[in-house]
Structure formats: structure tokens, C-alpha cells
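What follows is a pair of complexes built around chain A, which joins chain B in one and chain C in the other.
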Partner chain A sequence: MKRYLRVLNLFWRVAIAAELEYRINFAVAVISSIGGLVGSVFGLFLFYRTGYTFQGWSWYEALVVLGVFTLLQGTAATFLVPNLNKIVRYVQEGTLDFVLLKPISSQFWLSTHTLSPWGLPDLVFGLIIIFYAGHQLGLAPLAYVAMLPPLALGIVSLYSLWFILGATSIWFVKVYNVTEVLRSLLEAGRFPIEGYPAAYRVFFTFIIPVAFLTTVPAQTALGRSETTWLLGSAILAAVLFQLSKWFWQFALRFYTSASS
Partner chain B sequence: MTLRSLRIVRTFLSVYYAYMVEYRAELIFWVLSGSFPLIFLGLWNQAAQSNDLGFTPAQFAQYFLAVFLARQFTVVWVIWDFEKEVVQGTLSPLLLQPIDPVWRHFFGHVAERFTRLPFVLLLVGLFCLLYPEAIWIPTPYACFWGIVSLILAFCLRFLIQYTFAMLAFWVERANAIEQFWFLFYTFLSGLVAPLTLFPDAVREFALWTPFPYLIYFPASLLVGLPVDLPRGLITMASWGLLAFIINRKLWRLGLKHYSGMGA
Partner chain C sequence: MPIINVENLGKVYPVAIKSPGIKGTIRHFFHRTYRNIEAVKQVSFAIEPGEIVGFLGPNGAGKTTTLKMLTGLIHPSSGTVAVAGHRPFNRDAQFLRNITLVMGQKQQLIWDLPALDSLKINAAVYDLSDAEARQRIGELAEMLSIQDQLKQPVRKLSLGERMKAEMLAALLHRPQVLFLDEPTLGLDINAQVAVRSFLKDYNERYGATVLLTSHYMADITALCDRVLVIHQGSLIYDGLLDGLLDRFAPYREVSVEFARHQTINAATLAPYGDLQSLEGCKATFLVRTGKLTDTVSKLLNHLSVQDLTIAEPPIEDVIGKVFQTGSLK
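So, the complex of A and B:
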């Protein structure tokens, strides 16, 4: 365990040092993040300006969902995208061999060996929206803390799904865009799940668990989540995480390297 | 001369068609990743069930299906390809050929539309099963102008992105510009809602930009929503012309600046 922490520390120090060479990218990331945020709020506003409200979600409550979504987007951009989208390249070029030879878990190596600070603006702006909307709603400080466990569980679920999709590259090699599909479906998380028709709700709860990623944490913060949802969130995260580990072991059996 | 061009076009199309078909599995995922309008279809459809928004649920369904189609047929990725060519230096051999490299990209995109078609039709079929009340037959007028505006929208999007791509001669990551542009595209083009639902000031502003003409305009024509046809065509032509002039200027300047990888 301690060894893993030390490795992690090293990975991230190197990654940040490397990324800081491109400082102008950071300015671009900040501006893009602001633009994206204005757009998302505008998208939500289009619904509420007509006097329509998502069932049981006031404007500020829906903003909390949007904040959680932005936060998750930032997390994905910082930790998931730079790592998991590269699995495809390792398989394609055969450099996965070197990863497999290292004396640590290959899943750990693939999932953590770099990070990109360009997701940070999204993380910050996500927090700002959550705190702003929470302030308007008069949320107690404890409410924000209560949001953390379901949020963490959501991130674990998201990571596992992403990793499983990335791992399919062992068979299909060029699946760079599978994660693109996942990403486009996750866009549904901008809005509370109650805003969708029944068929969509089933899809986004059981097939692509978007509901657990943004709606459930927001509901917890607002103090009205049911135990079943929280329990579901925990079970989902545990199952998906275990599945991702198992699936990776399974996939590796079919890995044949690039030249042989 | 024209005969020669025709032969070139035919060769390019068949070559790139064959090339794209090879990656058809990958194509399915690209088609699916354009599902963004379908998310908004669900939301607006649900919203229109209970509130009067000036659109019936069926109209929303039609509009967003048209948006989905418009998006499928106007997808452009030339900036990523071009950037790679410049950064890796593979542009150099292409410059030796007696034809402007842009045509390779252009016909690559056009050929890809044909490979995409079966998957898109499949999804449209699925949509008709889910929303049978929303099935509509476009009038000949809607068909004609819808298709014309779709083709123009594709050309305009291609031109604009190719103009951004020219910046790859000077900066390493030109696609950051495209990504920034894409943000505005997402929210002003009518992907998230028909422009009629926008606040007046925002709509008026948006109609002067090229964005709505890439999605909202062709989609509305296909569905038969009222749009200002002459104004749309003129705006598209003006932006297209502007992009074309800048593009050629940058291309000439860029080539002088370009030194090839390792040269």
C-alpha cells in the first residue's frame, strides 16, 4: 500500500511538471471552462424561463445538479481522460508489454500514471456553483459533507465503466471513440433525472447509471435522498469496480502484443 | 479539364469510401456519440407534455430528429487530420502533388457521409418506433431546401474548421481553437433547443453568427418550421466567403512559414 502511494506521488509530480511546460494551455482551459459553464447555465435557463420546472426541482436545486455535473466533468478531465484514453494507444503500439512487466498492478499503473491539471478550472467552477446554489437554498455546512460519499461512489462507478470500455481495446484495438459515446451519454447528467421521460429514466438509471452520478449526490445535499438510492449507489460502485478488475484480468488473457 | 476533375473526384470518393468502410465498427461509435440531441429530445418532449411551450411534444420530437440528422451530416474533423499532417510533416509529400491537399480532406469527409448512411437510417428507424406520432413526410419544398441547406451547412462548417486548421502552421495545438468554438456551437446552433425558445436578444445575436445556420436552419427547413430563407442563405454565403478569403490568405502565408518536420 505504501509503495503504491509513493509511486502515485511520483507519477503525479512528473505529470504536473510536464504539463506546466504548456502554461498557455491553462489560460485556454480556464476560458473554455467559463464558456462551457455559461452555456450550461443558459441551457438550463431555457427550460426555466418558460415557467416549466423539472418535477420537484426548483431553479437553484437544478443548479446544484449542474454543479455536481461540472465537478464530475473536471474530475474526469483531470484523472480519467488522460489515463484511460491512452490504453488504446498502448495496445495499438504494443507498449502495453512494458506496463505488464512492472512489479505493480497494471490496472493501477494504467489508471493513475498521469494527470492533467487542465480539468482544475471545471472542478473549481463546479464547487462555486454548488456553493452559490446551496447558499441560496440555505443549505447547512453538513449538507455539503453529506454529499461527499455518494459523489465518491459516483466517481468510482464512472471510473469503472470507463476502464471497462477502455479495456475492450484489447480486442477491438481502435475503440478510441467508445469512451466518446460514454461521454456523450453522460451529458444527460446535466439535468435532474426527473426531467426525462420514463424510458430515458430507466436507461439512465440501470444501463448507463447517470442518475447515480449527479442526481443522487445532489439529492443527498438537499436532504431528500432515500436510503434505497444511496444503497443502490454503493452497490453499483462496488459491483462495477469489482467487475472492472475482473474484466481487466479476463481481457489480458487475450492480449497478444503487437508484433507476435 | 472538367473531365479530369470528374475523374479525380470519382477516384477520391471511391478510395476514401473503401478506406472508411474498413473502419465501419468505429463509425458506429461516432454515430452514437452524436446522441446529444436525443438527450434534449427527451427533456423537451417531457416538458411539452405538461406546459404549453409553443411546440407540441411531437413537434419537439421531429425537430430534434432533424437536428440529429443535420449533425450527422455536418460532422467535420479536418482540423485534427491537418494538424497531424503539419506537426508530423506528412504534409510535405502532399504538397508535391498537382492538386491542393484540401480536396483529399474534403472528399474524405464526403465519402464518410455515405458510409454513415446505413447506421443513421437504422437509428431513424428506431426513432420512428419510439415516437410513431412524430413521423412526418417532408413536403417537396422542405426536402429540396432542407437538403440544399444541409449541403451548404456542411460546406460552411468545413470551410470554417479548415480555416482554423491553417493556424496549425503557427501553433502546435490548433484544435484547442476548434474546441473553444465548439462551445458556442453547442449552445447557439440550436442543438439544445429551437431558437424560437431563446430569449429575443440572444436569438437576434445568434442569427448574425454562423452557428444557427449549421444546425437550426437546415433542421427547421426539414421539419417545416418557419425560417427566413433568403436571409439564411445570404448569411451563410457571407460567412462562407469571409472564411474562404481568410483561409486562402493564411494558406499562402502558412506555406511560406512551413518548413516540414526535420527539415
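So, the complex of A and C:
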């Protein structure tokens, strides 16, 4: 465990050093993050302008969901996307061999090897929105803390889904498109799940568990989550994480590495 | 007790067959037919600790496939492999700490950063303390003479320097068994010599076992007493490098320069051996080793000879000949 932490520390320090070689990227990331955020706030505003509300969600409550969504998007951009793109490159270039020959979990290496600071603006703006909306709703500090467990579970679920898709590159090599599909589906998490027709709601809860990623943490913060949902979130995270580990081992059996 | 033991090793790959054209593509999409390719067949050998063994074969002979089975990257279809007492495919930590794989055409160092950063990560992965890592990096860097280049971004290094840094990264954990796949690929002569002498040095200093493939015969002749030759997946030779010459090239090249006053033509020279070339009064024969003294004395007695040299055929030619004909068993 201590060894893993030491490796992780080095991974991230080295990754940041590598990314900071390209400074202009950061400005672009900030601008694109602001742009995206303004767009989604405006979209949400269009609904509420005319007095329409998602069932049981006031404007500020819906903003909390949007904040959680932005936070998750930032997490994905910082931790998940760069590593996933790397998996594709490892498989394509056959350098996965080097990873597999290290006496360390290959899933750990592939999932944490790099990070990109370009998701930071999203992380910061997500937090700002959550705190702003929370302040308007008069949330107690404890409400924010209560949000953390379901949020962490959501991140674990998201990571696992992402990693499973990344692992398919063992067969399909270039899987950027597959992850693009996942990303678009996650877009659904922008709005409270109750905003969707029943059929979609089932789809986004049980097929692609978007509801657990954004709506459940927001509900917890607002003090109206049910234990069953929290429990569901925990079970989902545990199952998906285990599935990702199992799937990776399965995929490796098919790995014969790009020939020289 | 051999450190590498391979018995009846085999690997079969299913390869999808696709006929050309759009029709073929559509049929291929819905219904795939596979053919089994035997990349490695019934290969057996044993390597003792501390040996440096050359692994020869043309492209596609099965060298890389064999190396991958030895390092545990792919699962053998048949046969058994033991390396340092472990079954490679389990890839248990103890096994991985004992081996390393260097691939001339692939790199593990982070491109944009100094090699030192990648080395630190490797040190942490192999659980070396900072002091230990520093000491080992210093020692290996000195052996490779790249102390100064480790602080430059890898992308700014020359190919030779980069290969040396790759070696350093691959050997930081001081493995006992080294698998090297074309470690000198694309390097200039000086860099090749440097890599070679480093490997020799490492082998002597730590008693490490080395199995290397190379297309540069100079690597093999400089480092290996023993070679394995693989052709179309089968091991066709396992023995001393010198023995390879005796077995596959039992002839010598005899070059003669005749005195000018006599008539020399192909007909007059035919009885002496397999005439390779004749230019003016210079001729080259191939003569079987058994008949060498006999032929030379005949040449000297019957004809007026100014100069005569006997040479071994270049090893590249011998290997080339083995690969062309293949079954010179």
C-alpha cells in the first residue's frame, strides 16, 4: 500500500510536470470550461424561465445537480480521459508489455499513470455552483459533507465503466469513439433524473447508471435521499469496480501484444 | 541447474483469412474463417546462469514470440517454460523482479521529461529506497557513460543515448535474467559497441543471464559463445557459435593470385574447386574444409602462384544461407 502511494505521488508529479510544458493549453481549458458551463446554466434557465420545474426540483436544487455534473466532468477530464487515451496508445504501440512486466497491478498503473490539469477549471466551477446554489438554499455545512460518500461512490462507478470500455481496446485497439458514446450518455446527468420521461429514467438509472452519478449525491445534500438509493449506489459501485477488475483480467488473456 | 528451461514449447495463433475486395470484406464481417499459424513448434533448450546466448532467425521466425512466452506476456499453446524457477505466465511479483525485457523498437521512458523522472518511478515500483536508487542509477550511468544526459528531456536525446537510458531503466532493479530484443537496432557503430560492452560488463559484474536477438552479427560474435537458431518456428541449431560455421559452412574461401606468364581460364581451374570468380589472374574458390590442404598443395605444385589467402566465409553469409535453405539439419 505504501509503495502504491509512493508510485501514485510520483505518477502525478511527473504528469503535471509533463503537461506544464504546454502552457497555452491551460488557457484554452479555462475558456472551454466557462463556455460549457454558461451553456448548461442557460439551458437549465430556459426550463425554469417559464415557471416549468422538474418534478420537485426548484431552480437552485437543479443547479446543485448541474454543479455535481460539472464536478464529475472535471474529474473525468482530469483523471479518467488522459489515462484511457493512454491505454489505447499502450495497446497500439505494444508498450503495454512494459506495464505488464512491472511487479505492480497493471490496472492501477493504467488507471493512475497520468493526470491532466485541464479538468481543474471544471472541478473549480462545479464546486462554485454547488456552494452558490447551496448558499441560496441555506444548506448546513454538514449537508456538503453528506454529499461526499455518494459522490465518491459515483466516481468509482464512473471510473469502472470507463475502464471497462478502455479495456475493450485490447480487441478493438482504437476505442476513442466508444468512450465518446459514454460521455454523451453522461450528459444526461446534467439535469435531475426526474426531469426525464419514465422510460428514460429507467434507462439512465439501471442501464447507464447516470442517476447515481449526479442526482443521488445532490439529493443527499438536499437531505431527501432515501437509504435505498444510497445503498443502491454503494452496491453499484462495488459491483462495477469488481467487474472492471474481472474484465481486465479477462481482456489480458486475449492480449498477444502488437507484433514487432 | 539451468535458469531457463524450455521444453517442447509451441505457440499457435489463429489468423483470420480475408479475401480481397468488397465482397470479401462483407463475407469477412459476417463470417470469419480462421487458419492456425504455428509460430513456434516444439522448441526445447536450457540456459545456465551467467550465459550469454544469441537467438538468431530471420524476421517472422518466432524469436519475438518465444521471448514473449519466456517473459510471460503470452501463454504458450503447448510445452513448458521455467525461468528462475517460475512459470512466466503467472507473472508473479518475484518472477518479474528477476527479469527484464528490452525492446529495441519500443520505449518505456516518458518522452517529454528527463529520463531521471521515469527512473524514479521505476525505482518506486520496484520498492528501492531513494538512496539505493541513487546509488544504482549512478553506477549504471557510469557503466553506460550517460551521467549528463539523464537530466535532459528524452526527446532531446540521440537514438544511442536513448537506448542507453532505456537499458538503465530496464536494469535498475538488477534483474538476473535479461531478454533483449534487437537492443542495437538502428544504432551507429559507436553506440552499438558501447551497448555491447555494457552488456558484457553487466553480465560479468552481476552474473546475469542474457538471451538476445539481433540482426547485427557483430553483436552476436562479440557477446555470445552459444547461439540458438530458429527458422520457421523450429529450433534448427543449438550450440557453439564456432560449431555453427563448421556445421553450416564446411568450406573455406581460397583466393589466389597467379603469376602472369601462364594461361589461366575457367577450364584450367575447374579441377581445383568451386570457382566463384575469376578476374585477370585473380581467382576465388570455395573449397571443402576436408580437402583444403590437398587442394592448396596441388595449386602450388601445378601452377605458378604469387599470393594465396584462406578465409572463413563471413558469418552473415553463412546465416543467410541457413535461413534460405532452412532445413540444413
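Rule of thumb we're sticking to: the second predicted complex is superposed on the first by the 259 of 260 C-alpha atoms of A that agree within 3 Å, B and C clash if a C-alpha of one lies under 4 Å from a C-alpha of the other, contacts with A are read in each partner's own complex, and residues count from 1 in each chain.
Keep in mind that, in the parts below, a contact is a pair of C-beta atoms (placed from the backbone, for glycine too) under 8 Å apart; a residue touches a chain by one contact, two chains touch by 3 or more.
Treat the numbers as computed from the prediction; the structure is a model and nothing was measured.
A.B. asks: Classify the contacts of A:Thr50 with the two partner chains as first (chain B alone), second (chain C alone), both, or neither.
C.D. replies: Touch status of A:Thr50: first partner only.
A.B. asks: Could you tell me if A:Ser32 is touching chain B, chain C, both of them or neither one (first, second, both, neither)?
C.D. replies: A:Ser32 contacts chain B only, not chain C.
A.B. asks: Once the shared chain is lined up, is A:Glu226 touching chain B (first), chain C (second), both, or neither of them?
C.D. replies: In the superposition, A:Glu226 touches no partner, neither chain B nor chain C.
A.B. asks: On the A-aligned overlay, A:Glu21 touches which partner chain: chain B = first, chain C = second, or both, or neither?
C.D. replies: second
A.B. asks: Does chain A have more residues touched by chain B or by chain C?
C.D. replies: B
A.B. asks: Quick check for you: in the superposed arrangement, does A:Phe191 touch first (chain B), second (chain C), both or neither?
C.D. replies: first
A.B. asks: Contacts for A:Phe11 in the overlay, against chain B (first) and chain C (second): which applies, first, second, both or neither?
C.D. replies: second
A.B. asks: May I ask you to decide whether A:Asn177 touches chain B, chain C, both, or neither, giving the answer as first, second, both or neither?
C.D. replies: first
A.B. asks: Contact residues on chain B for chain A in the complex?
C.D. replies: 23, 25-26, 29-30, 32-36, 39, 42-43, 45-47, 50-51, 53, 130, 173, 176, 179-180, 183-184, 186-187, 192-193, 197-199, 202
A.B. asks: So in the complex, which bits of chain A are touching chain C?
C.D. replies: The contact residues of chain A facing chain C are 3, 6-7, 10-11, 14, 17-18, 21, 93-95, 97-98, 100-104, 253, 255-257, 259-260.
A.B. asks: Touching chain A in the complex: which residues of chain C?
C.D. replies: Residue positions touching the partner: 13, 64, 68, 71-75, 91, 93-94, 96-97, 99-101, 103, 105-108, 110, 112-113, 117-118, 120-122, 124-127, 181-182.
A.B. asks: Applying the document's contact rule, which stretches of chain A touch chain B when the two form their complex?
C.D. replies: 25, 28, 31-32, 35-36, 39, 42-43, 46-47, 49-52, 172, 174-178, 180-181, 183-185, 187-188, 191, 195-197, 199-200
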